[in-house]
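Heads up, the thing below is written out as structure tokens.
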Amino acid sequence: MRPSGRTANQIRPVTITRQYTCHAEGSVLVEFGNTKVLCNATVEEGVPRFMKGQGKGWITAEYSMLPRATHTRSGREAARGKQGGRTLEIQRLIARSLRAAVDLKLLGENTITLDCDVIQADGGTRTASITGACVALVDALTYMRSKGILKANPLKHMIAALSVGIYKGTPIADLEYTEDSVAETDMNIVMTETGKLIEVQGTAEGEPFAFEELDEMLTIAKHGLRELFDIQKAALA
Amino acid sequence: MRPSGRTANQIRPVTITRQYTCHAEGSVLVEFGNTKVLCNATVEEGVPRFMKGQGKGWITAEYSMLPRATHTRSGREAARGKQGGRTLEIQRLIARSLRAAVDLKLLGENTITLDCDVIQADGGTRTASITGACVALVDALTYMRSKGILKANPLKHMIAALSVGIYKGTPIADLEYTEDSVAETDMNIVMTETGKLIEVQGTAEGEPFAFEELDEMLTIAKHGLRELFDIQKAALA
Amino acid sequence: MRPSGRTANQIRPVTITRQYTCHAEGSVLVEFGNTKVLCNATVEEGVPRFMKGQGKGWITAEYSMLPRATHTRSGREAARGKQGGRTLEIQRLIARSLRAAVDLKLLGENTITLDCDVIQADGGTRTASITGACVALVDALTYMRSKGILKANPLKHMIAALSVGIYKGTPIADLEYTEDSVAETDMNIVMTETGKLIEVQGTAEGEPFAFEELDEMLTIAKHGLRELFDIQKAALA
Amino acid sequence: MRPSGRTANQIRPVTITRQYTCHAEGSVLVEFGNTKVLCNATVEEGVPRFMKGQGKGWITAEYSMLPRATHTRSGREAARGKQGGRTLEIQRLIARSLRAAVDLKLLGENTITLDCDVIQADGGTRTASITGACVALVDALTYMRSKGILKANPLKHMIAALSVGIYKGTPIADLEYTEDSVAETDMNIVMTETGKLIEVQGTAEGEPFAFEELDEMLTIAKHGLRELFDIQKAALA
Amino acid sequence: MRPSGRTANQIRPVTITRQYTCHAEGSVLVEFGNTKVLCNATVEEGVPRFMKGQGKGWITAEYSMLPRATHTRSGREAARGKQGGRTLEIQRLIARSLRAAVDLKLLGENTITLDCDVIQADGGTRTASITGACVALVDALTYMRSKGILKANPLKHMIAALSVGIYKGTPIADLEYTEDSVAETDMNIVMTETGKLIEVQGTAEGEPFAFEELDEMLTIAKHGLRELFDIQKAALA
Amino acid sequence: MRPSGRTANQIRPVTITRQYTCHAEGSVLVEFGNTKVLCNATVEEGVPRFMKGQGKGWITAEYSMLPRATHTRSGREAARGKQGGRTLEIQRLIARSLRAAVDLKLLGENTITLDCDVIQADGGTRTASITGACVALVDALTYMRSKGILKANPLKHMIAALSVGIYKGTPIADLEYTEDSVAETDMNIVMTETGKLIEVQGTAEGEPFAFEELDEMLTIAKHGLRELFDIQKAALA
């Protein structure tokens, strides 16, 4: 039924490649099918001004799509002179989600920046970014511990993210572009490995959706997210 | 238990004043307790470039807080030279929600812009904006029909929005600032008067939340939104 | 003769509402007929860099029109990414005028920002802004004295502003939009309650004007400004 | 009494050099003592969008100070990414003044841009700009007539501008920087050669000024402006 | 003698991977040792305004470094709101060089944009970009011919680029970062496969260099560029 | 053969006028035929952040063309809100070249800014800028020594710059606009008075050029640069 031939709750093949580039303290290429995002974690001493003097760390994120990550070329934001609303919305989501995975007090006055650059897009770039960035974050934290910057591990739990939606009346998981572009509802779930929710963002693209449909999508998401946690763990093993 | 003395599912006094300013085709001052937002609807011929030639209309929104709508003054975005991520995120939400209330084909190649300017902020400015903007939109559509611009009413259903959250472990409705600033979870629900969902956005500000807590918040929201639809109807009567 | 039915030197009904919003140290809604401007005064410790170390305070202003304050919608400056020349010109005028009302040495190293946001425009927004902002400034100074921030009252004298112009050959006071848009000459006068001048800005929009006409306009302005000082005093009583 | 040794109503030596650069349709270097401004007039076919289809022309202006036109270097506006409020205010004044000198209908749908670039500043740059730009404008109009672009001369009258002020209690004409920086009042007058007013802009920099002082300044200005018209005429002879 | 252990005129291992991403009409990952640049070619109908109506095509380029392509993180240009001088300089060089490889008349009124995004940087990113972009360009031209957009092949000759420099007094080829950062002279050569020059850019970073040293660097460059042409050809075979 | 009637290696009449404006520490008007550039040197205490604490000085440059320096008016960069790529490229070249003329350690923690503003353009503005700015720099250094800011002269050698190109198959020196606009190759050489190279930038505008043609252009440049050094010396005598 799905253009991809997948079953409703089947996610795409997911691969996580660590140490993808050589300079970043954590560097992960995450692939959800044809969606490929490079997630680099940078560790820097100090925190932004509004956080100073609290003895706590900070985690932030920046997101971007290479101009030709998409079917047709989209203008480069640096050339246009500003980041679009979609970009800002996504990078705020990534940063917020990852902050929820970490005890900022244990991080000390250090900042970790997660750069999520989409090399190739086929739907679900924000959920792939979060899932990959969490692995890059773990590598960055390991680096910090190895350098004696951290005394304890600030990670509270792994997090992962998955898109679900209603496609031709049926709830499905991990939408690729051809599905996403015609789905009636689009939803992104960020969950902890302990099965709790960090973010729930559902949008009726066409018709409004019923509370029951929301429930069904949440159930499907929970299932797919379990698989993602296994893949993250295998990658980190 | 609540700083406001309200019960868990009690919303603030809500007032909707139509024709608040004299130039806009729809002009509504909406008040959720101390939160006051001016929602002006502007009707213009034509649609943005990417919509041209489809015979469909467009609905967009812009959101702003007056610099001193808040406890301390926040810099004016026009002076800083760009709109912040929070502003863009909110105005995208308002526009998307209102588009879901309207049959764009029946709107013809016309654009309605909803300007939501926060005069005074005390939590819940985005949900007040959506609730008020929907009334301003109705007035603008009435204006268009009276001018013969529209043949049929493009409104599919009224929409309203409400914030809910988990405060000291308990789900509550319509958070004001003192509650919002310490809530563990913050959620915004946009619903149709027919009881279906347009947007669900829940964020764990502190601790992740359980699927059961999500259910409880949705139940409370549904209840409060019913009241908002009654207030909208009374205002439009 | 005037579209408004007013006599040549008759100003519009003016109302000044204090404590219009709840957060600002001074908050005034000023109305000159259909022109409505919200003037919020914010008190902040410290001064801009170029004023540091002189033991003096600073007064600044920002001006903006809500997009639909006018007959047709004008683009939001925050969205366009810069403030226009007219906006900058007006806010410079407001700030300069109010600085002339205050002994900056008595203000200490504190800054007062006057935000003048036009809710509804019908001509004379800059003169209404100055007249209202002066009342908001007085409230902010009273607040500062009550908090022990100031030892003495820095206010040297009240100031008010009025527009005058030549309309169909006759000098008139307080032009509303229908008059302003066809006036041959447009002039804004800022005066102290002691009858001295702070700013005189006259512009020939169509034909140049004679020195005698300038005199006549000044006479009319002086008269109307007396009324404005009475209204300010009544509002502050 | 004046630092310059000049009498109260004595203007500085003024020179007007035409054809200062070779590409512009009108190119004038105007010098008021040590203040030197290059005024280039550019003729272009067509008018800005908001003027289209009215059969009328347009006159606009841009003003800039070279970074080291002043005692200390001021940052380059192009590098900072925006024009300051002072710049915008001045170029709006120059453009408005020159439009008042021309019958825009006789100009046809053509635009003349006056670029006023301050090579060296010693007070009065905006009045020198207007005075010089009017001569550049005349040369541009002559060029247009010689090319057959214009049938009749659109110039209604020459205009010139002069600064006056109150310095140590005495009204003086054509302030140079050392006078300007301590003057109590600063005023710029734009007049037609027929003795009528185009712009009057007076500002109390320190103490408010009396209506009588305004009169005295106007009288002095009228006198000095007569001299400027003679110098313009000699330059054009 | 070189930190890399290479001989003076030995270039790094160079690999060219075509079809690296799936959407672009030409997509090449080029690696010069640890320097990795993704070069995507986009074909679009039409040309920029200044080229319209000449019956000729256009080739342009955009260059960017991912924030963590370097040892320490550099700020994202999209977030800062403008492209830096170095970026603009490099993308102008890339575009100019590729235009010199193509007969724009045979391209018709079409535009090819080369996006060169540096995934990992270790010196020589601009020369790698040009070398890789030329291959992506060839693939884009092949695509255009297969679609019937082009009648003849507009490619005049392959081009490639190499950096050379003077390191501790000796001319060397293809500097990596540790060499580049201390080199006395830095030079980039763009050459055609027919042995002619497109660009020569040499800069004395420390001490000025002699005309003889320039000759030596050119000789070394010519040698290395021959190898690059072989690698390009193998990749395209 | 040349439109100018000059022989192939004949440069235009060059004049260097020192103390052209009165405020700058070095102020030079340099003319290469009809190309006229005002080069002002400003001395300021302190260095940019990235240079602090190294005990070294800094030299930077800014370049701009007055809008009507050219045949047709080009938009003012300050009005457009950003400097173009060509401008940034040129000012980076000027700054880099002048830094190569100075021992930054002997300059102490001071910054010299060279503002090169093109009053009139007829080809070769960047080479005229460098040649003139070097003289302005010498005057600024002399000023610093006279004020006791410098103990020793930081100037290592004079520098000058010249454009050469291939015009109708023949290498020529110092191209004016009519030659430059049709030249096949355009090259800029920055040299020290000791005959060594600082910058070599050659670009094939049309056809690629041979290594032999590069040699011929270098030879011609060397010859013309000798003349420029003589003219600089005469001006400084």
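Which chain is which? They are A, B, C, D, E and F, in the order written, and residues in each are numbered from 1.
Please note the rule applied: a residue touches a chain if its C-beta (ideal position, glycine included) is under 8 Å from a C-beta of that chain, and two chains touch if they have at least 3 such contacts.
The structure presented is a predicted model; accordingly, all values stated were derived computationally and were not measured.
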Going only between touching chains, how few steps reach chain D from chain C?
1
Contacting chain C as well as chain E are chains none
Over half of the residue-numbered contact pairs in common: that is the test. Which of A-E, A-B or B-C passes it against C-D?
A-B
Whole-Å distance, chain A centre to chain F centre, using C-alpha means?
50
Indicate the whole-number Å distance between the mean C-alpha point of chain A and the mean C-alpha point of chain D.
59
Two or more other chains touching the same residue: where does that happen in chain C?
81-82
Circular arrangement of chains, read from chain B onward through chain C:
B, C, D, F, E, A
For the complex, give me every residue of chain A touching chain E.
21-24, 27, 34, 36, 38, 40, 42, 44, 62, 64, 66-73, 76-79, 81-83, 87, 113, 115, 117, 119-120
Touching chain E in the complex, chain F uses residues 82, 85-86, 88-89, 91-92, 96, 100, 157, 187, 191-192, 194-204, 207-211, 214, 218, 222
